[in-house]
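Chain IDs A, B, C and D follow the sequence of writing; residue 1 opens each chain.
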């Protein structure tokens, strides 16, 4: 088989074999629909064990749905949710927060650096809003862990934000589309990264890290879950054959598959970075703490890679020339080495041409 | 393997083997995410061929999402959607129409019989609403084909409704969660049942008839599709690994699988009805034109079947005692015969007891 | 001055002189805008005294806004509000409940008679909904007092509904667009008609009974008011020159103006009814307990009155021929006697023609 | 009468005598409710004459309602409305755009200077959004004329923005809460400032400039008005006694009252500025083109004025110390001179103290 050349997103990959196998295995026999099946019922205990506390877990089809539902819940009856200025829920969900909340939520970007919001800036902005009755009232903060900038919040950073939030009676949501990569990076337990740090509810991502079409919402603060079963149904995420989502999620957390996949993807991103770092003219845009790198490549290297069939996505304004290279659970060392070698060849040709 | 005893819903079944195989086959290799993959791109032509006209097709995860999106679109900028008084979109989606439209849509039940709205009553109600400026303005009609009462609208009945709608400038939506069963019953072409009869857009169901987690929206009136790509994304139904939905839908319509499955399920329902009809005291509630029967069973038969592990759902008010028995693509003759035989045994025991 | 001939609605009248005078008087001098003015601040105590309990009162511009805001609040986070099947909030506000709640509320009509919902039917419908997870969850009941059928709920009837509501944890809203007429009719105190009977929050109407453009929301359950200040502002009902609304409301409840106006209007409606009752062929549609009558007039009488310049509104289906004749605070005995005399003349002419 | 000391807002004033008189005059007699009265019907022609073109005009109670309704309409079916970064609709309406659109609209602030958005920045931002399918799709631009920074867009500046908008198929809304002040300043006709410059629809403010409680929406592009009558009703801004709003608006534009009032207020603001400019340490924050000034006062002057009973509002972050001093139609030369003299006394005392 030829090397992987599609580094556009973690989503270009199919499903992990363990998860596909679980899906196939769950097909046999009849079950009660709409989530009253054994696989879904098992999830409660399985996620409880994973997070070392009692939780309520609701499978949904996409991360956008998970974020939208969480945003609608934490902004109720209505209000503002503060997010980092590169947050997916603000920039990449086409107004999902407004939609899921029926116009009740507004997402407000908080400046920061390396994709992380600044707790001090959060405090300043929330306080200013609280002082003005004409402002959308602050209700919640949403932290993206790991971030869209390939960084992770340290536990101290999360706690600093939670402290700001708690003092102002804001709920704390964690957008964990890449939670596995963040947990793997931090070396902390899932509990430490979430409820022990003060997180109330979590968008638990699986699709980017080996599932087919399954993410979940995990409530640590179970009072917030009261309206979920209705909201999920009307939003079209109560799948009649729910077992097919639950089976994916169960396999995903079994035998640490989620962390093994994430560790591997993180490692591969590190390997890409280390490989490219040796090439003159390559400039990295921020750290690489999880499974992708942001990098500015000399034009001929970019041209050469594209000519070879490689595919990446762009980030930021076109003039910045930032490229995102994403590794997934199924990216191999050979894939990475081939990518780096190709880039080097393009660089050499470049220098030879000079 | 023991006989199927779960007749609660078509959704208790897993996936058809052809569809599961297609899902597994699509797993290999990388693709562009968010629907720019080959499987999704093929769908346009495949559905165009199926319906003998150019269409736009959008896979979504559930029928509730399909109905919600369609309702939001046809009610825009806002207004009323007239539905039959047993319509799923009104009764079973927890306010999905209001949700997807951001409070812009209201569903209004139109009386009728056998699960079908009356065209005359529709005309009367819409005209009354048009005469009153304080009413939610009528915008669309939504026809459920096949109905929640195991009936199908004849083409003439659909055309009568469409005529009422067109004369009042209403859009026409078809909720086809069980379209396959209706097409199979009618013996007409998919085109005849939809756009040739005046349907503008369609919720195309697959999950109830052999898919895992895939339905679709099909636009015959392609102008109505303009906002879809945004609406679907914000609603969390633009799956990043869309190919897994598209592969299901492609397999579903390949080699007439959808119609073969539906014909079989319809036939099995007929067989249940014929079998139960011979039992004294069994009363049917309306016709059985598609894949389920509505029936009132003498209490001892119900008790006996439940004691044997059978499972059904109830319909209507508890006092009516109506039971729904649903057959699926994978219900076998043996399953049906075993069900009927068990019911007869219970009936005999009953008579013996008298 | 010639007699009043416009009996179309209570809204055809201008403002009561006391209210207009208060409006003019409040014009002098500067005040803090957006409700921090003395007139608005006084309202809290004035309404507290009127209702013999601590309340929160919020002036708004229209009854539709009052109902919409109340519905949004009692349905939060979202759910169904049960109303009588002739309720203004369901039929006459163009989808106001859905709008104000951002798609979170659905109004569900409960059958009854004489414009009043049946407590037993309410219980049955709510229980049925609670038993079905796919239903919009019941959250509140909204009682119209006096009704659109010129009736009032007795205190016992209100309490019966409240009992059903409380047992199912529903909030109780009173739509009091014609509260004054109902209180005048019942001869009870405002407290007895509202919070003492279990009402949580009230749309307090003034415009139909002598104000220019002012209604209010009164919270007996003050926890429900928490989101009001934000909701009212975003809904465009936080008037910058709020004093002009507050001055109307203050004058309205001063020296029992509201009850005097209502008693008079009720009396005039009674006088119309008594006068028309003597005319052969005149059929009343239900009782006349407040300030309007519903009546079927022989066609020649209707024609004659219209020819004379009289104006009424129609109710129900055109085939029913029901006419509404509304008296207002400024309808005089002479106006009524002239109306009745004209009708009699038309009737005589009719009989003479036979 | 003592001098006016409340410079907090234009809204602290009552109504202009001409407008109050018109309100009182309209009280006599009965009219058809809900806007079918003569005063409201006259408005169409009166506004048509004012703007020298056929328009549709809809009175509403507040500017927030006008902006909310306009935003909902121009964003339909849904999308982004670009506004200046100090726009009232974004910052001061508590999420009104999201509310009125049912979650369909997002307002996006565009940087600029002196309260005006930059056409170049607008083009850049809209183009970036159009290039990303995950973004809320751009639908409209909303220009505030005059601005929250006491400036006005020149006609050339408006046209530059319109050009950017038209090239990208965006609607153009004008928030004219202070349109009168802007027109007075520009010395152009109302037509030139609006539709001749490419404006599709207008929030026409009156309350800040002499009305009690009336603003209006004016449609130049009358196709956009199609859903207005429904939207206004459900939003609670179809006043039953509409004549009381229409009478205000009619008086407002009669005999150039609106421009006379605005010219006077602008002039008084100029007089305040000129007066304060002579005081050492006073720093102006931007130009004073309409009826208020933004200024940083030495602390003792601020303290002294407050001690004398003066009242202003603050703008920007507390650390900036910016004060807004607003003149209204009823601010007199004497009021201004007294204010300036008092400030000077405080300044002298200050210097004396040093």
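Things to note:
Throughout what follows, a contact is a pair of C-beta atoms (placed from the backbone, for glycine too) under 8 Å apart; a residue touches a chain by one contact, two chains touch by 3 or more.
Small disclaimer: the values here were computed from a predicted structure and weren't measured.
Chain centres were defined as the mean of their Cα atoms; on that basis the chain farthest from subunit B turns out to be D.
Of the two interfaces, B-C and C-D, the higher number of touching C-beta pairs belongs to C-D. Between the CA-based centres of subunit B and subunit D the separation comes to 52 Å, rounded to the whole angstrom.
Between the Cα centres of subunit C and subunit D there is a gap of 34 Å.
Remark: subunit B and subunit C have CA centroids separated by 42 Å (rounded to whole angstrom). In subunit A, the residues touching two or more other chains are 34, 78, 93-95, 98-104, 133-134, 136-137, 230, 233. Interface residues of subunit C facing subunit D in the complex, by the touch rule stated above, are 4-6, 8-9, 11-15, 20, 23-24, 26-34, 60-66, 68, 93-96, 98-100, 102-103, 207-208, 212-213, 230, 233-241, 244-245, 311. Contacts from subunit C toward subunit A in the complex involve residues 34, 73, 76-79, 101-104, 133-134, 136-137, 226-227, 229-231, 233.
The residues of subunit C lying in touch with subunit B in their complex are 78, 80, 91-95, 98-106, 128, 133-137, 317.
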